[in-house]
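Pasting the structures in now, so scroll down.
The same chain A turns up in both complexes below, where it pairs with chain B and then with chain C.
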Partner chain A sequence: MISLDTILIVTSGGLVLGAIYALMASGLAVVWTTLGIFNFAHGAFIAAGAYIGWQIAHADASGLGLVAGTLGTLLAMFVFGVLFHIALVRPFERRANIVAASVITTLAGATVIENVINLIWGPRSKQIGRMLDGDFSLGPIALSMNDLALVVIVVATLGLVGWFLGATRTGRSMRAVAQNREAAELMGLDVPRLYAAAFGLSAAMAGLAGIFIGSIRFMTPTMGADPLMKALIVVIFGGVARFTSPIYAALIIGMVEAFSTYFVGLYWTPAVLFALMMVVLVLKPAGLFGKHQRTL
Partner chain B sequence: MRYDPPFHRSNGLTPAIAAIVVLAVFPLIFEASYLRHLMILAFVFAVVAASWDLSLGYGGLFNFAHVALFAVGIYTYGILAKTFGLNPWLAVLAAGPVAMIFAAAVALPVLRLDGIYVILVTIAFSQLIYQIIISQSQITGGTSGMVTLPPLSVDGYRFVKDGKIGYYYTGLVLLVAACIFLHLTVRSRVGRAIVALRDNKYYAISRGVAEGRTRLQTLCASALFTGIAGGFYGSYVRVASPDIFGLGSLALLLSILLVGGAGTIWGPVMAAFAITLLSEAIADLGAWRNIITALLIIVVMVFYPGGLWGLTQELREAAAVALSSLRARRRRRVLRMAREERLRTAERMIRTRYGAVAVADSGPATGQSGPPILMLHGNSACKEAFLHQFAAFRDNHRVIAFDLPGHGASDNADPEETYNVPAYADVAEDVLTELEVECPVVLGWSLGGYVALELTARAPSAYAGLAITGTSPLNVVPDDFARGYDPDSHVVLAGKQFLTLAEQKRFAGSATVPLSPESAFLHENFDRTDGRTRYYMITKLSVVDWPRQMRMLRAGAIPFAVLNGADDPFLDHAYIAGLPYGSLWTGAPCDVEEGAHAPFFNRPDAFNTAFSRFLQEGCCQRESSR
Partner chain C sequence: MSTPLLELRGLSGGYQPIQIFQNVDLTVEQGASIGFFGPNGHGKTTLMKTISGVLEPWRGDVIFEGQRLNRAKARGSRRWRNFNYDVVTPRRMDPKTVARAGLIHVPQGNLLFPEMTVEETLSIAPLVAAERHQSSAHESALHEKVGALFPRLQERRNHKNRFLSGGERQMVSIAAGLLADPKLLILDEPTLGLSPKLRLELCEAIKTIRAAGVPLIVIDQDIGFLTELIDVLYLFDHGSISRRLERAEIPSHDQLMAMLFGEAV
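Here is the complex of A and B:
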């Protein structure tokens, strides 16, 4: 018999998972919707963000503290994303095979990032450490303060990004480019710069996700592979019809994973997720909340 | 119109045989077991990458589960040969069909998906297989995999003995078999459907290509030898490990495919050897090895999308062009006397806007003075083709002929700018201006006929007449091509850059005359002609203003004669007779009895009689009407 407590514990676990997935997946979706390509280096971006954050924040390295680490990571990853776009994606713009070519170059880029991390920081695992200590409990719900802070920051970040896309001029320009590149160009928008900005924004979000993962798990140079797969599942599952679609999907996937791990077992959970994703793709290729048109 | 010679009659035969011989002799020369080990790996990777190219390159279908199909082959071998104790040879072969079954399972969800979604589903599928293999540790060994798989042997002779010689030759046989299979598949009806779906999906579907079924066939065909290669690999390394699902093997196989060149079978095969050896050469560099491999992929993708195969083709073209230039120079220096002897006319070089061309000009007529005649030769020919006309008309006319750029004793020229009908007409204008010839009659043969039509259509009143031979006027290109010409492989040969010797002989035999001591010099032209002239001329047919030519003919703006051979193997005489002509000399095409594609050469007397009458009656009428 499953008690209510169990369900609540599993649910709160799913919530934390869902929050991290939401951050990763919406970062991935920003690039997908704007440029129409899939960035396979997103997982490597997460790893790079985690290591940069560790380098700035951790006492064994620069030791400037977590706030400086987070801000530094956001800035560094934004610049890195822009450069990545210029080097690996822009050469194929306007070519017929951009989708395939960028799959290959971003995969290769991911390999380069992973190995460069390996060269700089070595293969030994590291940890950024918790943002906050202590536990938080409200009735039967019990979370660590770290998890709570994580959820709060993710919600705030996504809200900020949502506001940026919906209310600022740059954000609205990005959405316009996503909807119709030619029309946006005719209206005088600087499309290459907006593409680069979208890549930078996506990379910064990946960097933040990297810091969160580094705070609760061990970091290795290949730590991005698993989050990339999860983000992939989430984005496909939810579609990218709106900025919010991957967020809902992330919550659902987080819950499915938490419950599946508890009831079906750790080994079968990834298989369950991939099977779920394939079913969605076959029945509704544009995702659960998807429409045919790409938009942000 | 379809022309697709079997492999043994294509240009690929010699290099393929040479490669097989080299690979067969290789282990007899290099006995180092480690080098053979690398070659065996290269065989396996070549098979897997070339098979992958069937779906990725030919089909444009991004099946990222291909590496998983290879892994399925390995695990099938492991389970069948070790767990069930099946004969290892049977297990290797069985790995193929099993991989095909998995490929069919991949195909089902992607039947109706496109682009990025295919990539995503296949990645998901591959992860699904990976997760299943990991979770079923009692069957597959889980994360640690299966070890000590049975090796291959015959009659107790273990193939790993004598420096892995048995595995080496088995791998070579596997590679050859896979190449034959892939080549036949690509050339088959299914192969055409695969490419058609990639190039223009909706047109292919509307022409009756079943998209779903073709995708299923693509993936299954690409899985067959991938699975067998997996089984062979399993029997060789004797381990089935889930590591094969990692990004490392994906990147390795993908780089082989891309560095080799997508959309070819041979590119990935060549690249498999290059990349396996390169990646082994830099194996000591640790993390740098992966970085270098990845950067190599990026550099090739960004700067050289054609890959190794594209490079080979470019080298081949450069060599062929250099050779034909050398032959042109030799013609100018050494063979000039023979040429001048043939036409009994001095040759001079004239500089035009597209380079220097060799011109034969018989000079002012000695007898009764008719209009000057400009003769334009055909595809892969030379001005000496008109030797009988020079002999017959030089007394009463000034006769001029020149070698088109890239032909005969003329220079090779920039292919983009020069090797097309309008540029040839420009060259003819330059020659006429340089020689100060006014109001000539233009005789054009085949390709030269189109040049003549283009030249005269620009200013019909500047020419005394126009005669075409071996040419069919066209209105709408390329549609009328199928009507003006009998659908025959020769139209394809006329635009093919690299002809094999057999094709040269066949094309020369029917485009000019069969080989004889008298016509040998026409056949030799194929060695000299810049192959790019054929390719660019055909691909640039659309830059010609065809309707302008037709308007000129319909308006009767110029005295016009059609002097085709009655037995021309290419032309559709009914189509030519049925076109609307404003003033066609004698009111109908004058076909030369028993004349072939070059009637002025194989039936010179009959042709010259007709042409001479046109010069006197057709062109004079015009002068009297002025």
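Here is the complex of A and C:
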């Protein structure tokens, strides 16, 4: 028999996974909805964020602690995302083949980032370590403090980004550019700058996800490949009709993955996820919560 | 003589590689409004998009309040046909510069931002003018004026744009244009495809805008409406201005059609 305890443990595992996926997928969706391109370097951004965070925070490196590590990573990754956009995406901005061209340039960018990480930090795996020690329990729910902190920070971050996009003029301008570039240009909005800001925001979110992954798993230069695939599944599975769509989808995917890993096995889990995605896409091509392909 | 508000000198453009209009010369004097009238598909919208910088001018200059809005240098001869000239030469014109100078273009038949609410849309419209006057008092005065002009939008403020009727969408577009505090406002077929009642409502609003002293460039298919608004009418066909008529010289609709299509009509 499956005990309630088992269910709760698996559920909390799914919650943590879902939170990390939500952070990655909504970061990916910010670029996807705003620029209309898919950033294949998002996984490499995650790795870069993890290593920068490790460099600042870890006792073996600068040893400045996790708070400084996180803030430093957010800032560094924002700047990095902006530069990445200027170098590898902006040149195609007004060309019809931007989608195809940016597949190649972002893939190329990802490879370069991974190799540079390898060059600087070496191939040996590292770990940032837990943000918090101890366990948290409330009734039958038991989570490690680290997992709890992770979920809380993700919720707060997504809330902040959602507020930024919905309530500030810059965030609204970003959505405006995403929905109708020409009208935004006629309004005098600085389109290239808003695109760059979207990339920067997305990269900073990836960096934060990297730190979280580094806190619970081992880091390698290619650590972003699997999360990128998951984020892609989440974005396509949930659609991007709203900022919240990938978040719900991420929770569902996280839960499915946790339960499937426990009950079906690790080996079969990717197949389960892809099967689920196929069914959803056949029935709802714009995603589970989707109405349109590209909005925010 | 004072510097004209807007001057086009030998402006040509289109969609590469197809040229749509050529050698357009035009002057809008300070405080004056002009109208455009011409058959469908002959390039009026393309010309306006070029003036506002969303399309690159091929040749010629756009001069606003004595300042050239485009770069002087023509772009490369495009000898390498598929070469990405965006990387090596800057665009000749930047829509942001045009809008910040105060030349605001309300595009034709436009659904601005489908997933944004009316209120959100109008909240970002004044950003472009924020650099010119840094007082928020000015901005709220503008908001008040626009609110009075389109009371209907107040009721609809929390609706998404895509749920609005055609007339309401047009109102949002014009309201957004006004909130940008234009020195010259381009209205491209503002009353196209509206029901007679809404059309009337919108025409009244546009007349109020004109009466408030905002210079306009209006493209419309209704000569009567144009005549009430403007000082000079340009007949536009086959990608160039074929006639310039002072307000007093504007004939009836039928005579105009004869002018455009020959006596046979």
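Here is the rule we go by: the second predicted complex is superposed on the first by the 295 of 296 C-alpha atoms of A that agree within 3 Å, B and C clash if a C-alpha of one lies under 4 Å from a C-alpha of the other, contacts with A are read in each partner's own complex, and residues count from 1 in each chain.
The rule is simple: contacts are C-beta pairs under 8 Å (C-beta built on N, C-alpha and C of every residue); 3 or more make two chains touch, one makes a residue touch a chain.
Just so we're clear, the structure is a prediction, and the values are computed from it rather than from any experiment.
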(message) Between chain B and chain C, whom does A:S62 touch in the aligned arrangement: first, second, both, or neither?
(response) neither
(request) Considering only touches as defined above, state whether A:I236 meets chain B (first), chain C (second), both or neither. (result) first
(request) Return first, second, both or neither, reflecting whether A:T244 touches chain B, chain C, both chains, or no partner chain. (result) neither
(request) Considering only the touch criterion stated at the top, classify A:P91 as touching first (chain B), second (chain C), both, or neither. (result) both
(message) Quick check on the superposed pair: does A:A271 touch chain B, chain C, both, or neither? Answer first, second, both or neither.
(response) first
(request) Report for A:T11: first if it touches chain B alone, second if chain C alone, otherwise both or neither. (result) neither
(message) Counting residues of chain A touched by each partner, does chain B or chain C come out ahead?
(response) B
(message) Contact-wise, after the overlay, does A:I104 reach chain B, chain C, both or neither (first, second, both, neither)?
(response) first
(message) A:E182 in the overlay: touching chain B, chain C, both, or neither? Say first, second, both or neither.
(response) second
(request) Considering only the touch criterion stated at the top, classify A:Q127 as touching first (chain B), second (chain C), both, or neither. (result) neither
(request) Could you list which residues of chain A make contact with chain B in one structure and with chain C in the other? (result) 91-92
(request) Flag every residue of chain C that touches chain A in the complex, lowest number first. (result) 52-54, 84, 86-87, 95-96, 98-100, 104-107, 110-116, 120-121, 123-125, 127-128, 176, 180
(request) Enumerate the contact residues on chain A facing chain C in the complex. (result) 91-95, 166, 169, 172-173, 175-176, 179-180, 182-191, 292, 295-296
(message) Quick check on the complex: what are the chain B residues that touch chain A?
(response) 56, 60, 62, 108-109, 113, 115-117, 119-121, 123-125, 127-128, 131-132, 134-135, 247, 250-251, 254-255, 258, 287-288, 290-291, 293-295, 297-298, 301-302, 305
(request) Provide the residue numbers of chain A that touch chain B in the complex, in ascending order. (result) 32, 36-38, 87-88, 91-92, 99-101, 103-105, 107-112, 114-116, 118-119, 225, 229, 232-233, 236, 267-268, 270-271, 274-275, 277-278, 281-282, 285
